[in-house]
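Given below, in the form of structure tokens, are the structures.
In the two complexes that follow, chain A is the common piece, with chain B as its partner first and chain C second.
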Partner chain A sequence: MSGDLRTIRALMGRGLNEILRVPGGAIPGVLAPTIFMLGLSAAFGKAAALPNFTADDFRTFIVPVGMLQGAGFTGAATGVNLARDIEQGWFDRLMLAPARRSVLLAGVVASACLRCLLPATFLLVVAFSLGVDWPGVGALALGALLIMGLAAAAACYATVLALRFRTQQAAPLMQVGTFVAILFTTAYVPRELLSDWLRAIADLNPVTHVLEGVRQGFIGDVTWAQTWPALVALAGLVGLFGALAVRGMRRQGR
Partner chain B sequence: MIAASVALARRALRNALRRPQFLAPLVLFPTLFLAVNVGGLERTTSLQGFPQVDGFLDFQLAAAITQSLLLGGVSAGIAAALDIEGGFFDRLVASPTPRLAIVLGRVLAASVIAAIQVVYFLVLGLVFGASIQGGALGVLSVLAIGIVAGTGFGALGMMIALRTRNASTVQGIFPLVFVILFISSAFFPRELLSAPADVLAAYNPLSYIAEGMRQPIAFDNAIGPVLEGLAAAAGVTVVAIGLSVLALRGRLREA
Partner chain C sequence: MQYPGPIAAIEVIGLERRFKGAVKAVAGIDLEVAAGEVYGFLGPNGAGKTTTVRMLVTLLRPTGGQALVAGFDVATQPADVRRRIGVALQEAALDPLMTGSELIELQATLHGIAPRTVRARGAELIERVGLSQAAGRRVGTYSGGMRRRLDLAMALIHEPEVLFLDEPTTGLDPTSRLTLWEEVRRLRDEGTTVFLTTQYLEEADQLADRLGIIAAGRIVATGTPAALKAEVGRPHLDLVLAPGTDLRRAHEVVTRFGDHRPVADGCHLSIEIARGAGDIAPILRALDDADVAVAELELRQPTLDDVFLAKTGEHLEGSGNPHSEAAAELV
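And then the complex of A and B:
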């Protein structure tokens, strides 16, 4: 067991090292959610004046979307990095290591969980400095937990694609998947204000529950009624994509 | 020089079509963004100050076209940077190809791709219930502004590629595309933008390009916004081609 933990820690360390060694590669992923938050609130900020809008201002409403976007981008980047490792042969050497495939996957996914806190932290610092209300430590801790879970699901999804296509050219597929999952929700406005077709998709999309779980502390109080659906949705996403990723890892080299 | 420019444009187009994974994001991301914007914000047309339109899709179509054209510029820049990284550019410089054709060939290819992008979004809009109020003349106006703007964005991409010589760096300007778009009136009426976008939008040529295309789609063929859009697109194109030629000269001096 301690050997497994050492392996996971080493792979996490490698993933985090990339931020320091190739900062140019990490910067767009860190900045993008903040740019989206600032841009969307500048362009669509007056939408908060619509009847039944559940937040005082659009920026507060959109900050949780940026947190989820950061997690999605980080998960997709994990898949792109894995595809690069496959192209360059490093992954084949990793497969020869005396470690279980599920442990190797856990190391890759765990690094995504930690890395997603970087864009979220940057986003929150900018948001709070611009006047977004402080949601409280509990709400932030819950938000961090939920976005780490989403990053894990996104990393597993991107890993499945990386193992399937074995090339960085699959990057748009990884990015589009997370993009759709996060924005086809109640991202811009409350459920009641969505158009009928988007409301139908948002109702089916498990990420809607994750978003509402992160958002609840920003626009009101944290309640168990809004927390448990988020946790169940995340468990389902991580379970599904995790199982597919483990299957993909086990099939490597056969 | 014309023959060389056309030959290089044909090569660039062939390469682009051979790698659809680079072309697909040009329409895929703006299409998804268009869907989310329309589905999420269609009720904003009832806000006070929002101009009278048949639907939010009519209003957003020009934004999607502008976004797609900007991404086309990034894609053109990446393709040019890959040519530099792969050594094709050096072989081209060593051949008796007119220097200006190196820029014009890539820019010509960008204008053809821009025409495809504009047609794609107009068809998409019509399929999903948008109406082009300006009729056939309106379609021609949108095409004209779109092609000229797409040419300019392609030249900007080429300039960045010649300066950086690195595809990853050109790819890194992707978030910048959104920054420039968000501080324009591409997505929302200028009167309803929040500070500081409301002020910056007046100085952003993208505002005029998007409004120039929006006028015949969502309103009528009023000549003023269309001419402003065309002038803004032409201005971007002339400046961008000039900067590309300067970047090429700098690159040739170093070679």
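And then the complex of A and C:
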């Protein structure tokens, strides 16, 4: 294993360490998407009966949204943790390492990619036990890959803010970014039922493509036509926020 | 010992750091640290010590001047500098959820040390700083002294050429402070260059081969502790007079023995004397002849605080000498 990979693995291990040693701290983040799914299903479950609604069961429609939310929250939490590390001086230790800044960022982000599987797994277990349709192993694997990518993008976005503001007080900004990005998609109703202005935003929003990619298997089959836009959208998000985050790390101390 | 040596571990020319609002924390300093020496960087809080260190270790970009550490420019070759330095900053920033061993291994990995050597080197360092018993415990349970020692071990994991210690003993109890001092001496004996910032006079005096004194972002004095002290003057004789003694009369007597005006405060008299201990007996005889009774006396060699006072007109924080604060109204 190369030195860069060892560095990434070591930093990823530190990120996961927090969950293993303070499991109580992770509970809110793990539970939130499931509570969200249960609450929304109870409140708006009958929306599935509307004409042009693409799912028979609202829960099946909303589960992928919960998976994305879990990824978004995990990414935001990565930024909050980094801001804490900056406040407490640990980040200086990281910056004193001779490793490339992109490698250090990759280590921080990689832990977010893995941690986002925790809320998604809990959500899916609850959802399947409540009768949500089984999407198939392939669809789940693709969904896992896509939410890991979204967690990476959200972690990079939150890292940019953490490096800019250098305080945990920037946490609301980190969280609201991913929340709004998911809100203005086809999260709650199919595209056909969105009002015109919202549909226009959802069409432009790259997260819509990620969401539709994750929905495959839950609603309809997995197709390449739905998959590649999700991958391209993620590549763009990770590329953009990753580049900004690396730039932010390189500019530290100026 | 001759300083600076032929190969400088640190070379700084006109180094400057200006923060937003045009605050100059470091206002163009020059210094040179020879390979293998312990360089003490002494100054009060806010003098610019930490800003200087942060620039030298590549955490802060200079806004002017140049600094070479281990032969590499901190501004243009930061990765090369980082490979060659060890750093223990003022606050030992350690993850409280990790154990001492885990942190050492993480630090080794961050510095690209091969996995096969990580454990052996880590265990050796942990033993060296006396943390073998606690290595498997979470750092959150460590005392301040243990955290500092672990921080030092982490800074040494990649066998750095230059070690930066930023106020390593601030807040430590005397025992922990002495343990750290011993370790610094051992590192010097092994040939490691140590750049040590401190606000403690005794620490600088005890550890540093050479000193730079910084005040208000500028280096005001540099040299060996002995040379700096010799530069500012001769020994002082401090006298505490018996109650009821005529202080003015005592002042007139001791004035005959010193080049400088004696300083009097309450029942204290302090005078700079030329011959050190050789002057004590004649002064005491003269005071006795004048019916001036002396309760206590102390021959005091110049201290680094005297150096600081001479160079800046102020005492270092926490090192004030009440005897030397003139009671101008009397003299």
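Just so it is clear, the second predicted complex is superposed on the first by the 253 of 254 C-alpha atoms of A that agree within 3 Å, B and C clash if a C-alpha of one lies under 4 Å from a C-alpha of the other, contacts with A are read in each partner's own complex, and residues count from 1 in each chain.
The criterion applied here is as follows: contacts are C-beta pairs under 8 Å (C-beta built on N, C-alpha and C of every residue); 3 or more make two chains touch, one makes a residue touch a chain.
These figures come from a predicted structure and were not determined experimentally.
Colleague: So if we stack both complexes on chain A, do chain B and chain C clash, or do they fit?
Modeller: Because the two structures are overlaid on the shared chain, the partners are seen to fit without clashing.
Colleague: Students often get this wrong, so check: with C-alpha centres, what angle lies at chain A between chain B and chain C, to the nearest 10 degrees?
Modeller: Spelled out: centre of chain A as vertex, angle of 90 degrees.
Colleague: Go through the superposed model and pick first if A:Met95 touches only chain B, second if only chain C, both, or neither.
Modeller: second
Colleague: Counting only touches as set out at the top, which of chain B and chain C does A:Arg21 meet: first, second, both, neither?
Modeller: In the superposed model, A:Arg21 contacts chain C only, not chain B.
Colleague: After lining up the shared chain so the two structures overlap, which partner does A:Ala43 touch, if you call chain B first and chain C second: first, second, both or neither?
Modeller: After superposition on chain A, A:Ala43 lies in contact with chain B alone.
Colleague: Touch check for A:Ser129: first (chain B), second (chain C), both, or neither?
Modeller: Neither partner.
Colleague: With both complexes overlaid on chain A, does A:Val176 touch chain B (first), chain C (second), both or neither?
Modeller: A:Val176 contacts chain B only, not chain C.
Colleague: With both structures superposed, pick whichever of chain B and chain C touches the larger number of chain A residues.
Modeller: B
Colleague: Superposed on chain A, how close does chain B come to chain C by Cα atoms? Whole Å, please.
Modeller: The answer for the closest chain B-chain C C-alpha pair is 17 Å.
Colleague: Can you list the residues of chain A that touch chain B in one structure and chain C in the other?
Modeller: none
Colleague: Mind pulling up the chain A residues that touch chain B in the complex?
Modeller: Residue positions touching the partner: 24-25, 27-28, 31-32, 35-36, 38-47, 49-50, 58, 169-170, 172, 176, 179-180, 183-184, 187-189, 193-195, 197-198, 201.
Colleague: Of all residues in chain B, which touch chain A in the complex?
Modeller: Spelled out, the residues of chain B in touch with chain A are 21, 24-25, 28-29, 32-33, 35-44, 46-47, 168-169, 172, 174-175, 178-179, 181-183, 187-188, 192-197.
Colleague: Residues of chain A touching chain C in their complex?
Modeller: 3, 6-7, 10, 13-14, 17-18, 21-22, 88-90, 92-100, 252-254
Colleague: Spell out the residues on chain C that touch chain A in their complex, using ranges where they run on.
Modeller: For this pair, the touching residues of chain C are 54, 57-61, 79-80, 82-83, 85, 87, 89, 91, 93-95, 97-98, 102, 105-107, 109-112, 115, 138, 154.
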